[in-house]
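Next up, some structures in structure tokens.
Same chain, two partners: subunit A is paired with subunit B first, then with subunit C.
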Partner chain A sequence: MSAAANQLLLVVFPYVAMLIFFLGTIYRYRNAPFTYSSLSSQFLENQQHFWSLVPFHYGIVTVLAGHVVAFLLPRHILAWNSVPLRLYVLEISALIFGLLTLTGLIGSVIRRLTVPKIKIVTTSLDWHVFLLLLFQVVSGLYVAVFHPWGSSWFSAALSPYLWSLVKFSPDINFVAMLPIMVKLHIISAYTLIAMAPFTRLVHILVMPNPYLWRKPQVVRWYRRFVPGVS
Partner chain B sequence: MNVRSQISMVFHLDKCIGCHTCSIACKNIWTDRKGTEYMWWNNVETKPGTGFPTRWEDQDKYHGGWQAKDGKLELKSTSKAKTVFNIYHNPSMPTMDDYYEPWTYDYQHLFNAPEGPDQPTARPISMVTGELINIESGPNWDDDLGGSPIYAANDPNLKGLSAEQQAQLQAVERLVFFYFPRICNHCLNPGCVAACPSGALYKRGEDGIVLVDQTRCRGWRACVAACPYKKVFYNWSTGKSEKCILCFPRIETGQAPACFHSCVGRIRYLGVLLYDASRIEEMAGKPDEELVEAHRSLILDPNDPEVIAAARANGIHDSVIETAQKSPVYQFVKEWKIALPPHIEFRTMPMLFYVPPMSPVMSNRTDGKIEHVSEDLFHDIDEARVPMQFLANLFGAGHESKVRYALRKQKAVRWYRRALTVGDVTMETAERMLREADCTKEEAEAIYKLTSLCTFDDRFVIPPAHREEALQMLDGVFEHKQAAGFGFISGPQRGM
Partner chain C sequence: MRRNWMREWYLAAGVIVGLVAPWPAGAQKPADFFRQNCMSCHTIGGGRITGPDLKGVTQRKDAAWLEKFVQNPKAAIDGGDAYAVQLQQEARGVIMPTIPGMNAEMAKAMIAFLDAESKLAKSQFAGGAISDRPLTAVDLALGRELFYGTKKLANGGPACVNCHTMGTVGGLGGGRLGPDLTLVYARLGGRKAVGAWLVAPATPTMQSVFRGAALQPEEILPLLAMVEDAARQGPAANQSSLVKFFVAGFGGLTLGLVLLGAAWRGRFKAVRRPLVHGGMRGEE
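The block that comes next holds the complex of A and B.
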């Protein structure tokens, strides 16, 4: 990639993507709250739903969490990887979860193509999300297999790059040298972020965490003043 | 004491003729939209039968409701920890196959078919896929036993019945069934509310109506699994759950809900009950055999000065307390004790009560001769063609005593009225029956009046909504028709 392309795709694009992401999700949440839904299709088909959605979500959540940990705690990851055996364990686990994601995603695509009721609730936008996700997962797996020890070089090269973006002093020296597949993986991630506000991906933002600490029963009062009720 | 007010209901099963007018009234107002075609917020089931969705009472299959472990309540389908792991795939979620695939017919073909030797037909078309389908089941496939003994034989309430009793239910020319109309019970301890990860489901403080906040619902589907009555439905088109709203826009304007209003048999009663919210959890955790009594004990006497004072302190308007004092539901449930909660063993504390049916009570003596007056005046109740155990499974958590009490009292009232108007029973016998059934003459008259001669205003005692106190004013009843809810105006369209 040329220097200009590097600048455009690895510096300008991430900022644009994040801007679209924040403005888009907030705008949608305020103006069309009704559209925030997981849009689950389990009600229409149960069996394949289990075999595709469960591996996909467990896989992608774990892999994403790995990326976040490497971003937040690069030193800890490097320290962990200093013993080869521990590095192998980490890499192989990551690969397994990556394969789990791919299996689930392919199952999901097959389900959406072959079950008539599920086809009905799949929009063309959904297909764009699927295509992009497929590319993201396949490129990720390619990188994991052909450019191994990613947990170490992510911590050493990508973490500083991402932090430089967060600190508004972009420094792409670390990433400019990386293989093309890695770069494509990064760029397609930004594309997914930019797309998220306009797709069903927004359901990630409304994960129901408060459930873990709220009281089981919910009562709402419509009166302006309710004496004796806090 | 934490006094709250609840709009509660009584369905008098003896009067239900199974006409489904209630279901149609509801469908026409609320569930004629895309994604809701399969929903029946109100439906009428034949008992014995499998119901809608199929065998919904079988919680080994659906995992609805609560279970008490050492008096502590747990949802069967979910918990805080389980929600984290099951959010991607809910293992207790029923699918459309458990309900039915809604369909319409290709009516155009009747007009457009080319000329030929045969009459054109209108073939069924799926309302989900738009393709031609073979209809395999419907929402009411077992109506009037569905012309086959298999539906009745699969009723989960047959549990605990002897082979002889089961055979008796299906004896040729002695078949028996009654109707069981169902809506959301607007429970005191709703499983759906407790299961919702998003906190979208809630109980209205003022009148206890249970609703789904459509803006907060994210389609995690936990409510569908957790409701043991299967009265929360998943809209597959919008990705949101929906349920019976007890026609609150009608109630707020002083009208009875559509299913109540349209009821041909006048079986439905609606009124306010005051209850003690501080003891719900404790009462819902009681052992099975104490549940009916525990549930009843939550309901407070609206004429008790102490209750009135506590209600006022809780902000309940005097006009609502006044409505509670005139409540037909209070009379049926608390004074006369002839209305019972359905499947109280699910422990959601339903606030819809049923008067168990008397009509099929006929002796099963072989000669066809039925002796009406014997020394044991109530013998035919225990020899009824609907076995007592069956009714007990429905309305007494498997225990017969409360059901027997309700049926005995109803029979006594009938015979007392018979002594008065027909005269083939002596007043002496009738009085003895009343005594044995724990009923006074005044009570018998009151039951007779509210059951047989009830006017619209007797049946529906609707509390004023006090819109002047509401946070949000609603000008017209139809203002938000076909909209997705209050506070924002956007149609119920599927998300991007």
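The block that comes next holds the complex of A and C.
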């Protein structure tokens, strides 16, 4: 990757992505507030849905949390990893959650391709998101397996790079010579951030956390479903 | 009707990327450039390391050749240039990398810099002395601790195992972001060359990571002992640790799916119906 491409994709693009994210989410909330959700298809089909929704979300939330912890507390991660057994436990756990994410994502794609009702409500933008998410997860797993140990070198090299962006003093040298799959994983993450406001990914910002503690509700219909009567 | 935002997305991304695409890279002083990129392989008046001593290099080849070579050494070798091929052979096959930031302007500045430094009685880049005393078992033990990170590096740099592996690293091996270091002695040309690399790492990633956290002289010899020991003991790390790692992950995935299935095994029958029935009983 040339120096100009590095500058564009690893310095300029993250700022552009964050700008689009902030402005886009505000714009969408003001102009189309009722689309501000995951646009769930659970009511249309909920059998295959379980094997995509559950592994994907448990996987991605844990993996994302791991990235955030390494970003915020890099020295603690390096200290934890200074004992090989602890390093291996952390890395194998991360790999398991990454594989759960991929399993759920593949399940989700299969469901959207094979269930007619779900296929109809899947837009071309949804397919773009699926493609990008698939690339993001597969590249992450590739990096985890072929360029270990990610938790350590993320803390040593990527965390300072990200902090340099946060401080508006970008230092490209931390990442300029990293393997191409690592860079593509980073760039793809920025792309997902930039796309989030325009897609169902926006539901990350409106997670229904109260579901965890509110009382159960019964959803009731006023009349029975009669075949042939709409 | 759901709104499709794809057009807005492409429009916004295209306009903003188009606006900010021209992004000039900052220029660097030749001495800083040499310190960051060259001194791990070259000295000026301190003898050969991996690459040749650059004292008087402008007397050995003309400026036009040097400018062209440093901008793309591999192209000169691939093009069959006799002197470039000779340089590669003298460096035991190591090809000088194309350095990020090296362009025609920087090449001219570097050659002028090398000319000026060569005329000094002693250049600031004459090279530090790496002790050639025999390495001991104590060095090796300390080297292992530093490599694994069980003993912290004095200036707070990350341990080698985070990014590098060697044939002697047990368990699931070391990191593979950087190269396997088992045969680095043979690759770079012995203690002096590897020591010089540890004093001033040549890759941008290592330079950045160790900026403000340089290795101490007393840490370098133990790490060299670890590298020497790995080279003596045998071949580079193989891929079996990666296979073990992946198998462990796949086993965990299977267990995870079984647990998720078990945790929600009553998901189609145990939620709504009891609630509805409970509600109906409450109404009666």
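Remarks
Note that the second predicted complex is superposed on the first by the 208 of 230 C-alpha atoms of A that agree within 3 Å, B and C clash if a C-alpha of one lies under 4 Å from a C-alpha of the other, contacts with A are read in each partner's own complex, and residues count from 1 in each chain.
One rule holds for everything that comes next: a residue touches a chain if its C-beta (ideal position, glycine included) is under 8 Å from a C-beta of that chain, and two chains touch if they have at least 3 such contacts.
The model shown is predicted, which means the values in this text are computed figures rather than measured ones.
In the superposition on chain A, contact is made by A:199 with both subunit B and subunit C. Of the two partner chains, subunit C is the only one touched by A:16; subunit B is not. Subunit A is touched at more residues by one of its partners, and among subunit B and subunit C that partner is C.
In the superposition on chain A, contact of A:153 is made with subunit C only, not with subunit B. In the superposition on chain A, contact of A:86 is made with neither subunit B nor subunit C. Contacts of A:179 after superposition on the shared chain: subunit C is touched, whereas subunit B is not. In the superposition on chain A, A:171 makes contact with subunit C only, while subunit B stays out of contact range. Once the two complexes are laid over each other on the shared chain, residue contacts for A:32 go to subunit B and to subunit C alike. In the superposition on chain A, A:76 makes contact with neither subunit B nor subunit C. Where the contact sets of subunit A with subunit B and with subunit C meet, they give residues 32, 35, 39, 50, 54, 58, 121, 123, 125, 198-199, 216, 218-220. Contact residues of subunit A toward subunit B in the complex are 31-46, 49-50, 53-54, 56-58, 116-117, 119-121, 123, 125, 198-200, 202-203, 206-208, 210-212, 214, 216-229. Subunit C meets subunit A in the complex at residues 2-6, 8-9, 12-13, 16-17, 20-21, 23, 25, 100-101, 148-150, 152, 158-159, 161-163, 170-177, 203-205, 207-209, 242, 245-246, 248-250, 252-253, 256-257, 260, 264, 267-268, 271-272, 275-276, 279.
Of all residues in subunit B, only 80, 83-84, 87-90, 93-96, 128-131, 189-190, 193-194, 196-199, 201-206, 214-221, 224, 234, 236-240, 313-315, 466, 469-472, 484-485, 488, 490, 492-496 touch subunit A in the complex they form. Contact residues on subunit A toward subunit C in their complex (touch as defined above): 3-4, 6-8, 11-13, 15-16, 19-20, 24, 28, 32, 35, 39, 47, 50, 54-55, 58, 78, 81-85, 88, 91-93, 95-100, 103, 121, 123-125, 128, 145-149, 152-153, 155-157, 160, 171, 173-179, 182, 194-195, 197-199, 216, 218-220.
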